[in-house]
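Input: structures, listed below.
The same chain A turns up in both complexes below, where it pairs with chain B and then with chain C.
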Partner chain A sequence: MVLELRKPRPVWQIMFSTHHTDVALLYTITGMAFLFMAGVLALMIRTHLFFPGQAILISDPATFNRIFTVHGLTMLFLFALPFAAGIGNYLVPIMVRYKDMAYPKLNAVAFWMNPIGGALLWLGFSDTSWVSYAPYSVIRAPGPAADMMIFGLKILGISSILSSINFIVTILKCKHPDLPLRQVPLFAWSILTVSLMTVVAMPTYAASLIMLLTDRLGVSGFFNPSLGGDPIAYLHLFWFTFHPEVYIFLLPAIGMMYELIPRFSRKPLFSQGSGVFAFVMLGLIGFASWGHHMYSTGMDFTTKVVFMIGTLAAVPASGMHVFNFLATMWGGRIRFAAPMKFAVGGIALFFSAGAGGVLNSAMPLDFITHGTYWVVGHMHLFLTGTIAFGFVAMMYYMFPFITGRMYSEKLANIHFIMMMWGTVQVFFTQHLLGLEGMARRIYDYPPEFTSWVQLNQIATVGAWILGGSFVIFLANLIYHSAKGKEANMDDPFGLGGKYYYPYQAKNPTHHTGY
Partner chain B sequence: MGHDTAEWVFVAIVIAILFYVGVDSWIVQKEVEEIPADAEVIKVTGQQWFWSFEHADGTKEKITLHLQKGHAYNFEIYAKDVMHSFNIPDYVVFEDAVPGHVNHAWFSPDQVGEFPIQCREYCGIGHYQMRGSLVVEEGKS
Partner chain C sequence: MSHTEQEEPIPRTSPRRLGKMLAIIIGIQVVGAAIFFTHYDYWNSYQPNAEKIQLGLGTNTQQKQGQATGKTINVSLKFVESSDFKTLAFNAVSGSDHNPEIHANVGDKIVFDVTNAGKSYHAFAVTDSKEGPGPAIEGTTVGTADSPMKPKESGQATFVPSKPGEYYYICAVPGHRELGMEGKIEVAPSGGAAQPSGTEVKPTGNKVEFTLGFVMSSDSKQYAFNALPGQTGSNPDIKVKSGDTVTIHVKNNSKSYHAFGIVVDPDSQPAVLWNSAVKSADSPMKPNESGDVTFVAGAPGTYHYICTVPGHAALGMDGKFIVEP
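Right, the complex of A and B next:
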């Protein structure tokens, strides 16, 4: 097993390395750094909204608009995607029994595009909102901020495409000849699925960014009605990428749960085949639903129906994953170490996020929820509740393998309780806030709307609990990476029995089939 | 493969629930979108950062809109600069205002009173202040 941090290594050796485990560390650590930066922005927003009519922490609406824009961009492009790429980089070559990624140098190049893209996003600090709709981002966002955002996103998009190509070739072409594709672990399947989806979906966004830029420069009128264009064209191009993209954010976390649930239940996975089928189905059907972000743009009835059907059709696939997890746990001898707590918590929140999503997809109900805090609550239940929970679970799990030491289970418990409580308190409350009619992306709200004030205050307290949980997480990992008890490298979590960790040198079969 | 009857039953239940949601949505949306022939057209224009209105008889209003209880109204929604979204939350009136497009939303207020109007599509620094008021008065015949 590779123990990167056990022996001190010069940082520059890791930084210039092309070995997949080193690139994985770079992705993961920079991803976590951006998570904290974007988290601070979120806490500023929530604190500011605690009292209406006050300029707490954020002095003016222009700054507020920039803060929520950069929060969204950072969490999605600089944390969620890179972190998944990091865990993918670490595990996928091992899971397909190959020595590295297919293109190690390209791998490192793709990583380094992330800090560069991130620098452009943060130095620009655009105020267009992360979706950057036309015409606002064309005619009402003058100056370098939006241009830097566009260039930064282009670089990040290319990075995503390059790393996807790398994963696809590694999994399909470099896997060991004795390993049939359908027996490759489900985490690798999730990475394969999202990589294929990225290669199909991302170029559309790259095109729309170029179109946005040329419109801004005044040399085209793609989204300008007076030149024969249409702002709705931007929305189609954008959501054609970003609906599949939300599944791209989600699937690696589900894949990580597939690594954890069978092991910590000390029971074989219920169905490898169902998992593969569900990933592939979601990968395909995810492309059929983008218009549900645009129900209120003036779409005709039939088009709305088609997109509603496309949206609903993807739900059974997610349901199959939940069933797979529950059926695996059923009758198992569960060891509720931190990774398992977070995985199971993540599944519960995934279910509630999905339930809210079914409501949104129902056309009439979407007219109540679109553009309100309901959507903010819904999407964060997926992003924080499923994706972040999955990522945290995976980090606790990988920690002993990477550092050779154990984290503190006591601190991890406190982290779990606070993160679960905080997530529920902010994001469930925001569903209610949305039903009360509070719009998104607003700097302030009328203080006479007492229900809005109360719900905002409850949500802010929840956000602080959530933020605090991350501080405990960070402290736990950093302290114990140096001072933690030495882990039993054969079985750090005391699972016992025949459930080999696939990436142990001792594992005779070194593939799934446990 | 490990497939089990329980899994088939589970997936069947999920699909049944979704089918119900889909069919019910179809029915309700079809009903909601049928604009009555006698609905009075009110032109609504969204621009940074206020709403303005024009009644069928040419009367213009800004920020506050006066309508009568029990009458049907069909909003014709325009945008002058960027995307906005015309929203009267209490009556679930909600449709985007898009430059170059004319969108429609209709309703019939059944209660007298004052109801907030807001913009629900991010449109810049004044987005949070792009609020208005719908005043519903007793209908004159």
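Right, the complex of A and C next:
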């Protein structure tokens, strides 16, 4: 997948370019590479849990902890964030009709922090779990692994703040004067929303990482109870960043669906205004619900009710997106090419995951499901079912524009069926496992718990199907980016005209490549 | 295909370019994997400072190991269980072998060879608390309650009491001590006439001088003083009289960093006696640096002069320093 501009250039020129499409390509490839690396870890975890007591693949609990920690960190910080930034880099400048990002060099700097942060996370292989809760991360987690994780996350946090600033300035200050902000395409709106959220949320986590580091060095005791600190304070700081971060992962995927659904329904978007409103609402409400991760830490009842209401307030805004999608598709001449299939599949799973989220936010149920596989199932259903589906859909959509060639629709169909099937089988089963009482993050479980054994084996088989679907995806992308049929650059998906690709219009003032 | 607005042909990716891109990505990952796997143990080798401070706050002086006198008591213990698991003990569930009592003096080195001969999981520790599974005295544990010894596993622990009194060797798995896995260690004050090892004495005025050089084999596997092991003059015995004022000239003739000191037991964490240190493990002597130290030899006994950089004594930088009465 090497994007060509006007004429072919050496690969190193693309690597050290500051042009937005080049940086976007690097972001996308980095995100995809880390997706597959973290996917291998996920399959190791699931395979390990297939037979209880056998220690298949992973021979000791500490290594197991390290594997799920790095799996989580990689999927969130090195796949979800860079991939969204990559697609944003491709499309946002074109959507706001500007020649590049506002700060091209800053853009490249923000990208190059990702491989460095990634190297720190992967070389250290910390065992703190991705949340790295105090006091374990302060007084027990062995270094230098945990310190490398702290520095790696610090670098990735700075990278996401820098790219957010870049997006905000590009969209607000560099958009074409003829283009009113409310008519900026919804994908750019989603990137604007998450960028503003990042700028507000991320500094809290950056500060708590520094506090964690000084605590580990023993010079401070913010989260260390033996020095008078409070581990719960870490949870508050962490979730103040990471509940909004949930929406920071989610909204770009929703924005991508807004790109795909009208196009493949061959119909204008049902309502631009409600989409903008729902994005902004989710951006605000994201900050009002962090406490629902911490119901069981002994909050008082009033606080819990406030957070419960704050959480439920996200439902109408999410519903607005779903109804907007459905109303756009209604009566359209839908062409189910791969991007559309994944987008629609993503909507269906978004609804299921959202329903699970509503149950979670109900306090009485939360006390039952807290810390069980229910939570694992819920969060993965969101991340795989909605976010990964949206990203995969966008990857298929961008593929001809990046490579000039067409992927195989047949392989994409197999990928879709396996991915949908696998996602449902793994993550729905994990909800049930949680209700059966299986705690998350456990290394092994007793073989006499037959319901756990059965459900775990079902989930593991689902994980293999899901993993297999991604192998097909990778093969499809690699083979067809070199040997695929040449795409008709005016209408690669056969939608019936250039009208359906407004942002691919050739602009004489700059080289967009497509 | 109609490219009516297209003046030039659209350049498309070739297999060669894709291969180049993949080679770069996979190459970086292979290099990263090599770095990761060659350092696998290193990444989790440090204890956070916060934990060290916390453990430091929690331990009192009683829980530190004492200075060894050189006398060693070997004890071998087996974890055993009665068939109904209601009685647990060391060596035998009942009878005279059951939980043997150990008598020692302050400064004696008690070496425990422990084996899990039972069917359950156990962990060995020496403690001074009269009940409960700990806290264990530093360095005396084999396994912990979190990661105990599995059946048939064995291990070794040493305990050097620093104060007289009653100590207990126990199974550190909670509940096992209460079921009988507990034996007593009676520690008497150290033997009357002989002065405790390492104590300082008044100088007699007699002066002696020695010269030592740090040497290493070219493959950095053998370490010694003066000459490599096997050659004449390697790690020479130094004999002095108690109260002599000893001057030692040391020179670093090797390519690594070293530091000098006289200790009682080179295996346990060495505390350097009588201010005899030249540099320290934290700021050692660089290659070709030399240094002097002058001190007064203390109580009679057999001591060791070693390189105090961790690991070097075990590799051979360990010679006898004999103080005669």
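The rule we apply is simple: the second predicted complex is superposed on the first by the 494 of 514 C-alpha atoms of A that agree within 3 Å, B and C clash if a C-alpha of one lies under 4 Å from a C-alpha of the other, contacts with A are read in each partner's own complex, and residues count from 1 in each chain.
Convention: contacts are C-beta pairs under 8 Å (C-beta built on N, C-alpha and C of every residue); 3 or more make two chains touch, one makes a residue touch a chain.
Since the structure is predicted, the reported quantities are computational estimates derived from the model, not experimental observations.
S.K.: For A:I368, using the defined touch cut-off, is the partner it touches chain B, chain C, both, or neither? Pick first, second, both or neither.
M.R.: In the superposition, A:I368 touches chain B alone.
S.K.: Answer with first, second, both or neither: which of chain B and chain C does A:D178 touch in the superposed model?
M.R.: It touches nothing on chain B or chain C.
S.K.: First (chain B), second (chain C), both or neither: which does A:M308 touch?
M.R.: The answer is first: A:M308 touches chain B but not chain C.
S.K.: Thinking of the overlay built on chain A, is A:D230 touched by chain B (first), by chain C (second), by both, or by neither?
M.R.: Only chain B is touched by A:D230; chain C is not.
S.K.: Between chain B (first) and chain C (second), which does A:A119 come into contact with in this model arrangement: first, second, both, or neither?
M.R.: After superposition on chain A, A:A119 lies in contact with chain C alone.
S.K.: Between chain B and chain C, whom does A:Q272 touch in the aligned arrangement: first, second, both, or neither?
M.R.: A:Q272 sits against chain B, while chain C stays out of touch.
S.K.: For A:R140 in the superposed arrangement: first (chain B), second (chain C), both or neither?
M.R.: A:R140: touches chain B and chain C.
S.K.: Can you give me the overlap between the chain B contact set and the chain C contact set on chain A?
M.R.: The answer is residues 62, 127, 139-140, 226 of chain A.
S.K.: If you look only at chain A, which of its residues touch chain C in the complex?
M.R.: It comes out as residues 1-2, 4, 6-8, 11, 15, 29, 33, 37, 62, 66, 115, 119, 122-125, 127, 138-148, 215-219, 221, 224, 226-227, 403-405, 478, 481-483, 486, 488-490, 506.
S.K.: Which stretch or stretches of chain A touch chain B in the complex?
M.R.: 60-62, 65, 127, 129, 133-136, 139-140, 225-226, 229-232, 269-274, 296-298, 301, 304-305, 308-309, 312, 315-316, 319-320, 323, 327, 358, 361-365, 367-368, 370-372, 437, 439-446
S.K.: In their shared complex, at which residues does chain B touch chain A?
M.R.: 1-4, 6-7, 10-11, 14-15, 17-18, 21-22, 24-26, 28-30, 32-33, 48, 81-83, 85, 87, 89-90, 92, 94-96, 98-104, 116, 118-129, 131
S.K.: Using the touch definition up top, name the residues of chain C that touch chain A in the complex.
M.R.: Residue list for chain C touching chain A: 1-3, 5-6, 8, 10-15, 17-22, 24-25, 28-29, 32, 35-36, 39, 42-54, 57.
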